[in-house]
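Report on one structure; see the data block that follows.
As written, the chain order gives the labels A, B, C, D, E and F, with residue 1 at the start of each chain.
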Amino acid sequence: MQEIIRQFAIPERPNYISQRDEEHVFRAAFQSRIPLILKGPTGCGKTRFIEYMAYQLQLPLITVSCHEDLTAGDLVGRYLWKDDETVWYDGPLTLAVRYGGICYLDEIVEARKDTVVIIHSLTDDRRMLYIDKTGEVVRAHPDFMMVLSYNPGYQSIVKDLKPSTKQRFTSLLFDYPGVEVETSIIQSESGLSAEMSRRMAEMGANIRQLKGYGLDEGVSTRLLVYVGRLIQQGLSPYTACLSAISHTLTDDQEIRTSIVDIIKLYFGDFLAEESLKLAAQRENIHTSDEADSQ
Amino acid sequence: MQEIIRQFAIPERPNYISQRDEEHVFRAAFQSRIPLILKGPTGCGKTRFIEYMAYQLQLPLITVSCHEDLTAGDLVGRYLWKDDETVWYDGPLTLAVRYGGICYLDEIVEARKDTVVIIHSLTDDRRMLYIDKTGEVVRAHPDFMMVLSYNPGYQSIVKDLKPSTKQRFTSLLFDYPGVEVETSIIQSESGLSAEMSRRMAEMGANIRQLKGYGLDEGVSTRLLVYVGRLIQQGLSPYTACLSAISHTLTDDQEIRTSIVDIIKLYFGDFLAEESLKLAAQRENIHTSDEADSQ
Amino acid sequence: MQEIIRQFAIPERPNYISQRDEEHVFRAAFQSRIPLILKGPTGCGKTRFIEYMAYQLQLPLITVSCHEDLTAGDLVGRYLWKDDETVWYDGPLTLAVRYGGICYLDEIVEARKDTVVIIHSLTDDRRMLYIDKTGEVVRAHPDFMMVLSYNPGYQSIVKDLKPSTKQRFTSLLFDYPGVEVETSIIQSESGLSAEMSRRMAEMGANIRQLKGYGLDEGVSTRLLVYVGRLIQQGLSPYTACLSAISHTLTDDQEIRTSIVDIIKLYFGDFLAEESLKLAAQRENIHTSDEADSQ
Amino acid sequence: MQEIIRQFAIPERPNYISQRDEEHVFRAAFQSRIPLILKGPTGCGKTRFIEYMAYQLQLPLITVSCHEDLTAGDLVGRYLWKDDETVWYDGPLTLAVRYGGICYLDEIVEARKDTVVIIHSLTDDRRMLYIDKTGEVVRAHPDFMMVLSYNPGYQSIVKDLKPSTKQRFTSLLFDYPGVEVETSIIQSESGLSAEMSRRMAEMGANIRQLKGYGLDEGVSTRLLVYVGRLIQQGLSPYTACLSAISHTLTDDQEIRTSIVDIIKLYFGDFLAEESLKLAAQRENIHTSDEADSQ
Amino acid sequence: MQEIIRQFAIPERPNYISQRDEEHVFRAAFQSRIPLILKGPTGCGKTRFIEYMAYQLQLPLITVSCHEDLTAGDLVGRYLWKDDETVWYDGPLTLAVRYGGICYLDEIVEARKDTVVIIHSLTDDRRMLYIDKTGEVVRAHPDFMMVLSYNPGYQSIVKDLKPSTKQRFTSLLFDYPGVEVETSIIQSESGLSAEMSRRMAEMGANIRQLKGYGLDEGVSTRLLVYVGRLIQQGLSPYTACLSAISHTLTDDQEIRTSIVDIIKLYFGDFLAEESLKLAAQRENIHTSDEADSQ
Amino acid sequence: MQEIIRQFAIPERPNYISQRDEEHVFRAAFQSRIPLILKGPTGCGKTRFIEYMAYQLQLPLITVSCHEDLTAGDLVGRYLWKDDETVWYDGPLTLAVRYGGICYLDEIVEARKDTVVIIHSLTDDRRMLYIDKTGEVVRAHPDFMMVLSYNPGYQSIVKDLKPSTKQRFTSLLFDYPGVEVETSIIQSESGLSAEMSRRMAEMGANIRQLKGYGLDEGVSTRLLVYVGRLIQQGLSPYTACLSAISHTLTDDQEIRTSIVDIIKLYFGDFLAEESLKLAAQRENIHTSDEADSQ
C-alpha cells in the first residue's frame, strides 16, 4: 500500500506564482488540523496551488474529481478477489488518512450529498474513519489534510454543500490573476515573449468582461496558455485564439462574434498577408452569421 | 467481533460543558430503555454531548452519518468471502445491539425512510433485530441504546420522520450555548485568552442574528473554535475570521459584507499596521462587490 | 430451518387489554383461512394485539416492517454460499408458509406494489407460493396466516393497496383506547399510580384533539407509557412530558406551545419549587418563541 | 425440470360455474394456437376459469403475478451455481414453452412494457423463444398457450399494452356473475344456506351500484364468499359483512356509511339482541362520523 | 458458436406475397452493405418480409425485440462461468457480425438511445464492433446486415432516433396490403374460402377508417387471419370477430360499438338462428353500454 | 495488451479530402499535447477526418460512442475472472493512455457529466490517470491524445459540457463540404459519374435549406453517398433518393413532400418510363397525403 501512496508525491516544484497570503493561511490550517475549501472559477490556478503546497509541505497529493456517481466505496476502498481470497484495497481517501497526505476532492458540489457525509468524522475533532466493510476504525495520520475545491460561479441551489458539512471547513478565495501575474504565467508556461504574453493577458481580462452577458465563465488562464503553446507550434496568433478561445468558449454566434472582435483588436495587426487570407476564408465559412450581424 | 466494538470506546473524558438538565434526561432514558432523539442546529455540541455521555456511562459509541444511499445492509451487516467460505460481518447497528453500546444515527432525516424502518423492532418493547440474511433473531443487549440526531432548522417536508418512527422516541432539544458557556468552550478548545474568547463568543451571537436574513444557519461554536486555533497559528484575528467565518458561511456578496462588518466591529482594532495593509489588499481584490455596495 | 422459526414464538403472554370483539373476529378469520388487515393509527396497540393473538393461538409470529426497498427476495428467500455450494435460505414469508405461523407485514402501504403481488397466490384459495429461484411450489401449512397492518390516517393516494390486493382480505379496525382502558395500560406498563395514570390518559385524550390542527398524528399510548417510565426514573412529570411528548411530536413552535399548555394544565401543579425553576429556565431558553406568541 | 412442471398440474376439478360461451372460445383459441387475453374486474372469477380450463385440457398452469420489477430473467430463467458450476434453471415461461402448458401472466399491465416484449416471438407464427443467456432457441411445445389477464376498470393511460403487443391476442370478456350464478357460487364455496347465499348475492349487486360514486371496484364474489365463511365460523352476518366488506373496501367514511346502510338493509334483521348490542357499540366507536352524517 | 447461428436459419420459404419493389430495394441495400430501416404499422407484414428475405438470401435471421431495459451487453454478449473459468458468449448482434446474417432489431425506438449507439461503428464504413469486455475488434462478416423496424404511427417525440443514428440507414415504407393482396393472405394463412376472405379484408379496410377517431392502430392483417382460424375451429364468424377484433382492439365502449357495427355489416347475415341468440345474449351482457348508445 | 491496441491502427490511408487548415491545427494541438474538440453536424466527415489524422500521425485510433450508460469503468477497465484469479483488463481510455494513441469520444455530450470528469486529470498538465481499482497511477504516453466530438446543432441546455471540462480543450469547427468538395467525395466513394455526383451534391445543398423548417438536420454527405451506391446496384436515382433521403430523414408528410419535390427537380427527368410508373405507384400508395396537400 505504501508504494501506492508514494506515486502521489509531487516530484518537482510546480511553477506557481503566489498571489496573496494563500500560502500563509494554508500552512495555518494544516498546522491546526483544520480542513480547507478552495473557492474560485475554473482554470484560475486552484489545482496548481494545491500541487505547490503539497510540494512545499512534502505531502502526497491524492486528487479525486467528484461526480454524481462517486460512491463512498470509491473513496474508502473495496474488496477484490486475489489468490483465492478477498483482499481489501484502500481507496484514495483511506490512503491519505492512513499514511498521511492531502486528500483533494475537486469540485465537491458535483458529488452527491450522501458521498460527502463520509468525510464528517474526518473533519471534526474525531479525525477518524470507520470502514464498515472491514470493521476497522482508522485514526487519521497527523499529516492527513482534507481539501475541497468548489466553484461558487455555477453553484446552483440543488448543488450546495449542506450547512452540517460546510461548517467543518475554513476557506480560501481564488480569482483570475491580475494582468501582471497572468503575464508571467503565460510567459513561463508557453515560452512566448513578454510583450506577446502581456497582450494575451490584457485580451483575457477584456474577454472576461463578457461574463454575465451570455458567457458562463470568463476565459481561463489555462486557455490563454494554450494559445501561447499553439503559437509556438506555428499557428498564427489569430488562428490560435479562434481555436482555443472563441470556438471553445461558446456555440452562440452572437457571443462568438463579440469574442472574435476582441481577438481582432489585440491580434488583428499580427496577421501576415498569407495568414490573413487563410483566416478570412475560415471565418467566412464558419462564421457567416457573424458577417451578417456586423 | 468483540475487538471491533472495543475500538468504539471513548478513551478519555471529552471536554463537555453541561448546559442544563440534558445529562439527567439522558440517564433516565437510558435506564428506561427508551430511545432518544437529539434535536438542534449544526455544530452546537450534539456530537460532543453524545461522546461525553458514552464516556460517562462507559458505553461504546458507534456513530453512523446518515445519507440517502445508506442501506439496511450497511447497518445490519453483510457476508464476505474469507478462506473459501462466506463469513458474516455484523454492521454497526448489530454490533451495538449484540454487545451493548450506543448506536448514534447522525442526521437521521438524510437516510431514506426505508432504512429507518429497520430500527422499528429495536425501538419498542420487543428490542429485537431479525437478520434475514442469517436467519438470526438478536435480542438487544441491556446496554444497547438507540440515539438519533436531527436538525429541525433545515428539515424539509419530504425529509421528516414518519409518525410511526417518531413516536418511538423521547427527545432532547439543543441550541447554541449562551455567551458565558461559549466563551469557556472557545478558551478551552483553542487556548485563546479569556478576553479574546469572550469577544469571539459575542461576535458569534451577533452573527447568528443574521439567520433568516439570507443565512441558512448561524455560525457554529465549532467555527469560532477554528478561528481561535488559526489565531494561535499566527494568523491575524481579522484574517482568521474572514477565512473561517465569512468565506465559509456564504457565497452571497451582500450577506458576506454584513458578516465582514460584524467581524470589523469586533476585531478591526486588533489589526496591526502591517496586517491591516495585507487585509485591505485582500479585501480589495476578493470582495470588490462589497466595496461597491458600501 | 425449524430452529429459525422457533425463535419467533412468543414466550410469555403479552400484556394486552382487550377492547371489543377483535379476538373473536381474528379467530374466525384464522379458522376460515382468510387473511386479515389491521387498520389504525401509530402506537394504538396493533403490534401488541398481534403478539397477543400469536401467543393465544400458539403460533410463531414473523414480523416484517415494510419499506420501499423491500424486494420479493427479502420475503421469499435467497441463495447463500456455504461450504463450497449455494444453499437456499427461506425468507420470513416462506418460513411462515412452510412451517405455519403468522406472517405480519407491518405498514404494508410502504412496500412497493410489486412486492405486494407475491402474496396474491397465498391469499386466495390456492394458498401456494412458487419460489422461482428453486423451482419449488410450497403449499401453505394449515396454520399459515397472513396479516397486514395499515394506517389509514396518512395513507396517500399513491400509497394505497390496489383493489386486486385489497379484495383478498377481511379487516379489523383499531383506534386509541378509551380513557379507562388507557389508564390501565399506562399503569400496568409503567408502574405509575392509578391516579397519575388516569391523569396521563386524560391529558392524552386532550392532546389528540389537536390532530388536524397541525398535528399529523395524536400522541400514542406508547408515548404516554414512556412518560410514566421516565417519571419512575426520577424525572419530574412536567420534564418527562416535554421530553416524550411536546419535543417529540412536533418542531412547529405554535403547535408545541399548544401541547405544552395542555401539559401544564395536567401537570403544572406537580412541579416542586426546584423542578419548577429548572423547567422555567429550560422553557425560557428553548421555547422563547412560545413566550412571544403568548 | 420435468418434475417442476408436474407441480403445476391441477389435481382436482375446480369448482367453476360456466357463464356463457367462454369455454368454447378458449378451446378454439387453444386449438388454433392463438394467445388469449382475459379481461374483467378483480375477483370475478378469471383465475378460477383458467384453473378450470387447465384441468379440462389436462395442461399444467403456470401463473405469474405481474409487477413493475418483474424482469425478463424472472420469466425466462437464470444461471445458478451448483456443484462448482453454473446450472441453467428454466423460468416459468420457459417451462411452459418447453414442456407444454398454459403460461398465465396475471395483471399484465402491471408489468413493464419491456418485460412484455419477451413474449412477442411466442405470440406470432414463430412460436419460438430465444434464450440469449444460453444461446438456445426453444420452439414452443404444441401444448404451449399464452394467456394474459387484464382489468380494464383501472387501466390508466400509462399502463396500457402497446398496439404491437395487443394485436397478437384474441380476447374474452368477463364480468361479475348474475345473481343466480353468484348465489350458487357463494353457497357451494362457503356452505351457507341457499336463502342466505341469495341474500348475499343481492346485497353484492346492490353495493356494486356504488362503483363510480367513490368506490374504485365493486365488491368481488370472493369477498361475498369470505362473508359466508366467517358466518360459518360463528360471526354474526352483520359483523362478518362489516369486516369483510365495508372495512375492507374503503377508508372513506362517507362511502363506508353508504355500504353499511346497504348491509343493514339485508342483514339488520338478522342481528340477535346480543349481537345487536355488540355491533351497535362497535359502530358507535368506529364510525362516529357515520352517526353524524345520518 | 457456429451451432447457435445455425438455429436462426429459416428452414422453409415463408408465405410472403410481394407488394411493390421492396425485394428489389432490399437486395440493393444488402449488396451495397447499407443498413436498412423498415417503417410501418403493427402487423402489416414487416416481420414476415424480413423472414422472407432472409430465406431468399439464405441468411440466418437474428431478431431482437427492443425494450427499455435492453443493454448493450444483451446485444454484444457476456461472460459466463463454466468449468471453473469464465467463458465468453457472443450475444445476438455479435453472432450476426461474426458469422454473417441479418440482425433485426424490432421496434428500435423502444430501446434506450444509449443501446442504439453500439451499432454506430457497424453502420458506417468501418463495419466493426469493439467488444470492450474481451478487447476484441470484430470486423463484420461480408454477409452481415443490420435491419431495424420502426412504427412511425405511435412514434412520440421522446422516442425518436437521433439524427446521428438515423442518417446511417436507408429506408423501406410498409403499409397494410390492399384488399386483393390481403384477401390472398387471409385465404392462404387460415384456409378460409376466397369469398369469406375477401369479405374479411373489406371489413378490415373499413375498420381501419376508424383510426384517428379514438383507435390508435387499425386492425392488423394478423388479427384478420386470427378470425379466419377461429372460424375454422368452429366459432361463428360474428363471435370470432368480437373476440379477435372488437374485444382486442379497444376498451372504450363507444369505439367498440362502432367496430361491432362494422362487424355486423359484414357478418350479421351469417349468424344462424342459434348463434344469433348466443351472440345477442353475449352482447347484451357485455356491452349494455352499446345498447344505450344506439 | 499490446496486441489489443494494434487492432486499432488504421491500415490504409482513408479517403479524406481536406477542406481548410484543419490538418494544420490538429498537428499543432497534437505537438502541444493539447486536447481537441471536433464540432459539427452529423455525417459531415468528423469521423473520417480523425481516421485520416490517425493514419497520418501513425497513431492507433480508439473510438468510444458515448451514451448515458457509459460508466467510468467502461472507459478505464475492469477486473475479470480468469484461471482462478481476477485479471485486470484496460479499458479503451487506459489503452490509449498507456500505449499512446488517440482516444476519440464520439458525441461526448451524450455521456453523463460524471463520466466526463474521469478525463480531467488527463486533459491538463498532469496528464495522468489514477485507476482506483488497481491503485495504479498511469502517466500518459507522449503520443496519447484526447479528442472529443460534439454536435452543436442539437446540443440542449441539459446536455452541454460544464465549463470546467470545456476549458481544457481547443476546438475545430466542421460543416458540410461545399458543392465542389462534396461532388468529389460522392464520386470517389460511390463510383458515380462526375456529372451525377455534382447533381447529387447540388440537390443535397438544396435539401439542407429546409433545416429549421421542420428538419432537425440537413441531409448528410453520407446519405448522398448511399444514394450513389444504391444507383450503382441498379436502383433508379429517384427510388434511391426516396429510400435513402426522404423516407429516412423524416416521418412528417409535409416535410417529406418538400424533400420529394426537390428530388423530382433534380432526378425527375432521369426516370425511365418503366421506373416512372413504379415510382408513381409507390408514391401514390405511400404518400397519399402528399397528393392531398399538393
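Here is the rule we go by: a residue touches a chain if its C-beta (ideal position, glycine included) is under 8 Å from a C-beta of that chain, and two chains touch if they have at least 3 such contacts.
Fair warning: this is a prediction, and the values are worked out from it, not measured in the lab.
K.L.:
Show which chains lie in contact with chain B and also with chain F.
P.N.:
Touches both chain B and chain F: A.
K.L.:
Can you report the angle of the rotation that maps chain C onto chain D, using C-alpha atoms only, to the nearest 5 degrees?
P.N.:
60
K.L.:
With centres defined as the mean of C-alpha atoms, identify the chain lying farthest from chain B.
P.N.:
Farthest chain from chain B, going by C-alpha centroids: E.
K.L.:
Find the geometric centre of each of chain A and chain D from their Cα atoms only, then give the gap between the two centres in Å, rounded to an integer.
P.N.:
61
K.L.:
Measuring from the mean C-alpha position of chain A to the mean C-alpha position of chain B, what distance in angstrom results?
P.N.:
Chain centroid spacing, chain A to chain B, equals 31 Å.
K.L.:
So how far apart, in whole Å, are chain B and chain D when each is placed at the average of its C-alpha atoms?
P.N.:
53
K.L.:
Residues of chain A that touch two or more other chains: which are they?
P.N.:
81, 84
K.L.:
In graph terms, nodes being chains and edges touches, is this line, ring, star, complete or other?
P.N.:
Chain contacts: single closed ring, each chain with exactly two partners.
K.L.:
Enumerate the ring members one after another: first chain E, then chain F, then the rest in ring order.
P.N.:
Cyclic order starting at chain E, direction chain F: E, F, A, B, C, D.
K.L.:
Can you check the complex and tell me which residues of chain D touch chain E?
P.N.:
Contacts found on chain D: 20-21, 24-25, 27-29, 31-32, 34, 37, 39, 71-72, 79, 81, 84-86, 112-118, 120-121, 124, 130, 132-133, 135-137, 152, 155, 162-164, 166-173, 175.
K.L.:
Touching chain F in the complex: which residues of chain A?
P.N.:
Residues 1, 4, 7-8, 42-43, 47, 62-63, 65-70, 74, 78, 80-84, 89-92, 106-107, 110, 151, 153-154, 216-217, 219-220, 222-223, 226, 229-230, 232-235, 239-240, 243-244, 247-249, 251, 278, 281-282, 285-286 of chain A touch chain F in their complex.
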